[in-house]
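Each of the two complexes below includes chain A, the first together with chain B, the second together with chain C.
What follows is the complex of A and B.
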């Protein structure tokens, strides 16, 4: 088993073994494709295919369950905005709202599409992040000609996020052991307790910042000039084919949208 | 302000600020969501941290906030491209607006006088309003929110950000500026 940002994955997982730049391509692919697709059928079809990819990549589907709260928050936001605040013409008007907006069959299609778009991005990004390591970000971005300094910064940001999450829990536990109750009091009292938590967290951040500077200096990290790397990744023929497919599909989707009804939001034709 | 390029120190400031703000951004969205506004929060906790980081360490603190917002809202909530243009850039601009006002009015980040407090609060309010207008207009242009939710978005953004920054940022500035002054990255020397 190998540790990634999110979890331990099997070493022989086909997605884990993929070239680092392809993992970044795949992340961009899911997000761009979801933005390009308008048809709810295509979007939800894509979601089902991506869920099947979890099985192929040997990633436990329970990982998706952890994002259920996020999914509900976003879904409610989209539904509120469209159902209460839009006036999209359609064939059937279901409700007229007192402030002048209304809900039609096309409004519901828009909601279904927007939720599908978000879900495809969420499921796709989760799939890729489940197999992504911190070195993948550096090697992948450098392979794509992104400057090393930027690749290192992004990789460190991910690494520090998990470190600070641990720090937060440590400080919180220490405060609880000293008698602080984060659940008691009104909203302002609770906010004040969290503010007290911010000061030690910030002190830890400043210390880590200085330590990181010293470590990078001591290691002789150079940001300019030619660098050599510990590992060398070469793209295999099937990975090259996959890269071409990932680059060509968004272009193909755009072309299909012009000629095929199945790629367009159905309600748009009714207007 | 010291004229330094992008080096080791700047990477450290940016990466640590981003790493610190990333989980806080997620907490903020989960704990205080706003109905009708995806990936928004009524109490944007990380803003308190990256505003303070920007006042101490300059543009690199703001860049850290930008990366945190983009990653947190983008990768975990979809809308990557949209969120980069929207919340990501908005959260990059806002602390810089506050820094410019702070610098222009020659206020002290240690908040030693009443004038420093007034400059701090006013700069935060202006920055939050600028950011709120930017974010909600981009939301509207991308079709994520509808027109009636635009002003609700701007208002909640303004209130939520201002409250969070003033509540979290003020004790941080007051308690820690003297400590941070010793670091080589501090820009007010």
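What follows is the complex of A and C.
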């Protein structure tokens, strides 16, 4: 088993073995494609395909379970904002609401699309982060000719995010042990509790940053100039083909979106 | 360049915005191949001196710098940091923050990659460095898969790979269990003897330092007070104690015995258990000292009241699948002063978090005052069981010391008069009176640690769980925390303390629980557990030096403290 950003994955997982650049392409692919696609059918089809990829990559689907609560909250937020606050014309009007907005068949399609977009981003990113390591980020980005300084910064940001999360959980527990209930009180009272929580997090983050700066300095980190990359990654022919496919698909989607009506939200046809 | 690796002349340094000088007139020379230890109380300027020797001060940290530092003949003021660091390596206290990458191999090759070394050379050096620190086969491991000692050895290997002529280590073992500490010192000794690396090591652990260092420098309030070989330095027991530095226990034992017999200073003083044993055989041959021991020292008293926390066959598995507790059965009784000891990662903190309900068992149950923690909120449990974090910064979030203490009381709904009364009472008890309006982050580490205890104590919990309260603290601060816990215990609070410091455990705890791989492998009165070396060694622990010495003299002599040792051997002298 190999440790990645999202804990452990089998060493022989086909996705884990991919070239680092391809993993980064894949991460970008899911997020860009989710923004480009307007068809809910294609989005939800993409989600199903991505879930199947979990099986291929030997990643337990339980990884997604961790985000269930988050997904439900976001889905609810999207639904309520469209259903209660939008007036999108459509073929059938289902409800007229007292404050002047209404819900049509196109409103429902919009909800379905937006939830699909978010879910494709979530499922796709979870899949990639389950096979991605910090080495992948540095080597992948440098392979794509991104300057080393940027690649290192992104990698450190990922690393700091996990340390920050760990600190956050500890401080939150410490506050709970002194009688804080984060789910009680009005919005201002809750916000105040989170402000309290932010104080030690900020202090610790600054201290850690300083220490990290010293460590980077003493390890001779140079952002410019000659640097050796010890590990060697070469793209295999099938990986090159996959890279082309991952780059071509969003380009094709964009082209079709601009030129062909079939990729546009079906409800638009009715307008 | 002469044979000196480091030359410091008239160094003065103060941080920007500070009034006081942190380093005052430091003059220091370190010769090639020397192993120099630096000791001193917290705030003495040890870390600052290390940063100055690497050039980080004044290149990366602003402040006022006077004097001159030459490292390998290069004046650090006129040389770039990169150029200084070509021949110098530094290892910091926190092993986690030193990982720039998330693989052992990547971490070791990182400095060489930065230097632009060819791949073949990097491979050769990385293999060599990992070999020296005993981590071959760990190349693809993630930091989370390593113990504290292993992480620190990776940090050393990372510096070694670039073949530094000078290696500086700033409290490299403070987070490690005793065996982890020993591992690190063995590597350092190998570096010096086999590779002629010059070593400067800042350490609170004088026992190991005394064994390996050629010279020890004692810093106090930014000044070098002593700079001498260990044996000569530690023979100044009385002066060192005044400063807050405790010599190795066997050294102090024989120093005080010599004083008792009227022969002070001039005699040879031992630094290790082996030396002490030889000296003992010479000085005490033919004297009967075992009888008094069995008569005088009984088992320490453990809590005998009702059960306050009870673990019933508790298993806990972390979300990543780690089995942290594997069938724990344990009863903590009212009045206990209990120490939970064990290697890094043995499950001590997980056990403690179950006591306060932050974690709930995967299997089995934990009862707090008879109630199942699964049916209670952590905030509800906290009224009876307080938890003090290892890092005080995790639990300080208010703007003043007063507000920090009042926070929990306000959540409990107490009226302002009672809050004020309780806060003043607790601040007085913990020596923080007069600091009510000070922001917590302006306090020293020792004061922050005491404030963290105060924020919990103010709730008047019946049980206080304290996680690693002495890590990174000097002896005076550690003693002060342990004395406070002892006082609270005598006033009726049940104390559970998690620590690696076996000397403090032996001196203060009444009961010891030893954990190993999520299991309790020993539990009982302190004297019984501390002196059963097999159980301790299994859990990467080692009894205090004084205990090891007396066990070597006689396996039935289960001595815990220096005072006990003095009573036994002092009696021998008087009879002699």
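FYI, the second predicted complex is superposed on the first by the 227 of 271 C-alpha atoms of A that agree within 3 Å, B and C clash if a C-alpha of one lies under 4 Å from a C-alpha of the other, contacts with A are read in each partner's own complex, and residues count from 1 in each chain.
Just so it is clear, contacts are C-beta pairs under 8 Å (C-beta built on N, C-alpha and C of every residue); 3 or more make two chains touch, one makes a residue touch a chain.
Only a predicted model underlies this, so the values are computations on that prediction, with no experimental measurement involved.
Q: Just checking: does A:242 make contact with chain B only, chain C only, both, or neither of them? Give me first, second, both or neither.
A: In the superposed model, A:242 contacts neither chain B nor chain C.
Q: Is A:220 in contact with chain B, with chain C, with both, or with neither (first, second, both, neither)?
A: After superposition on chain A, A:220 lies in contact with chain C alone.
Q: Scan A:99 for contacts with chain B and chain C and give back first, second, both or neither.
A: A:99: touches chain B, not chain C.
Q: Please indicate which partner A:159 is in contact with in the superposed arrangement: first for chain B, second for chain C, both, or neither.
A: Both partners, chain B and chain C.
Q: Return first, second, both or neither, reflecting whether A:181 touches chain B, chain C, both chains, or no partner chain.
A: Only chain C; A:181 stays clear of chain B.
Q: A:212 in the overlay: touching chain B, chain C, both, or neither? Say first, second, both or neither.
A: Both partners, chain B and chain C.
Q: With the two structures laid over each other on chain A, which partner does A:230 touch: chain B (first), chain C (second), both, or neither?
A: After superposing on A, A:230 lies in contact with chain C but is clear of chain B.
Q: Just chain B (first), just chain C (second), both, or neither: which does A:146 touch?
A: neither
Q: After lining up the shared chain so the two structures overlap, which partner does A:134 touch, if you call chain B first and chain C second: first, second, both or neither?
A: The answer is second: A:134 touches chain C but not chain B.
Q: Of the residues on chain A, which ones does chain B touch that chain C also touches?
A: Residues 156, 159, 163, 196, 199, 203, 208, 212-213, 216-217, 221 of chain A touch both chain B and chain C.
Q: Quick check: in the complex, which residue numbers of chain A touch chain C?
A: Chain A residues touching chain C: 2-3, 7-8, 66, 133-135, 138, 155-156, 159, 163, 167, 170-171, 173-181, 196-197, 199-200, 203-204, 207-208, 211-222, 225-232.
Q: In the complex formed with chain A, which residues of chain C make contact?
A: 51, 54, 56, 60, 81-82, 85-86, 88-90, 92, 94, 96-98, 100-103, 105-106, 109-119, 122-123, 126, 140, 142, 144-145, 158-159, 162, 319-321, 356, 358, 377-379, 382, 386-387, 389, 391, 393-398, 407-408, 411-412, 441, 455-456, 459
Q: Write out the stretch or stretches of chain A touching chain B in their complex.
A: The touching residues are 27-28, 31-32, 34-35, 67, 69-70, 73-74, 76-78, 80-82, 84-86, 99, 101, 114, 117-122, 125, 129, 149, 152-154, 156-161, 163-165, 168, 191, 194-196, 198-199, 201-203, 205-206, 208-210, 212-213, 216-217, 221, 223.
Q: Can you tell me which positions in chain B touch chain A when the two form their complex?
A: The contact residues of chain B facing chain A are 6-9, 11-20, 22-23, 29-30, 33-40, 43, 45, 48-49, 52, 64, 67-68, 71, 74-82, 144-149, 167-168, 171-172, 175-176, 179-180, 183-185.
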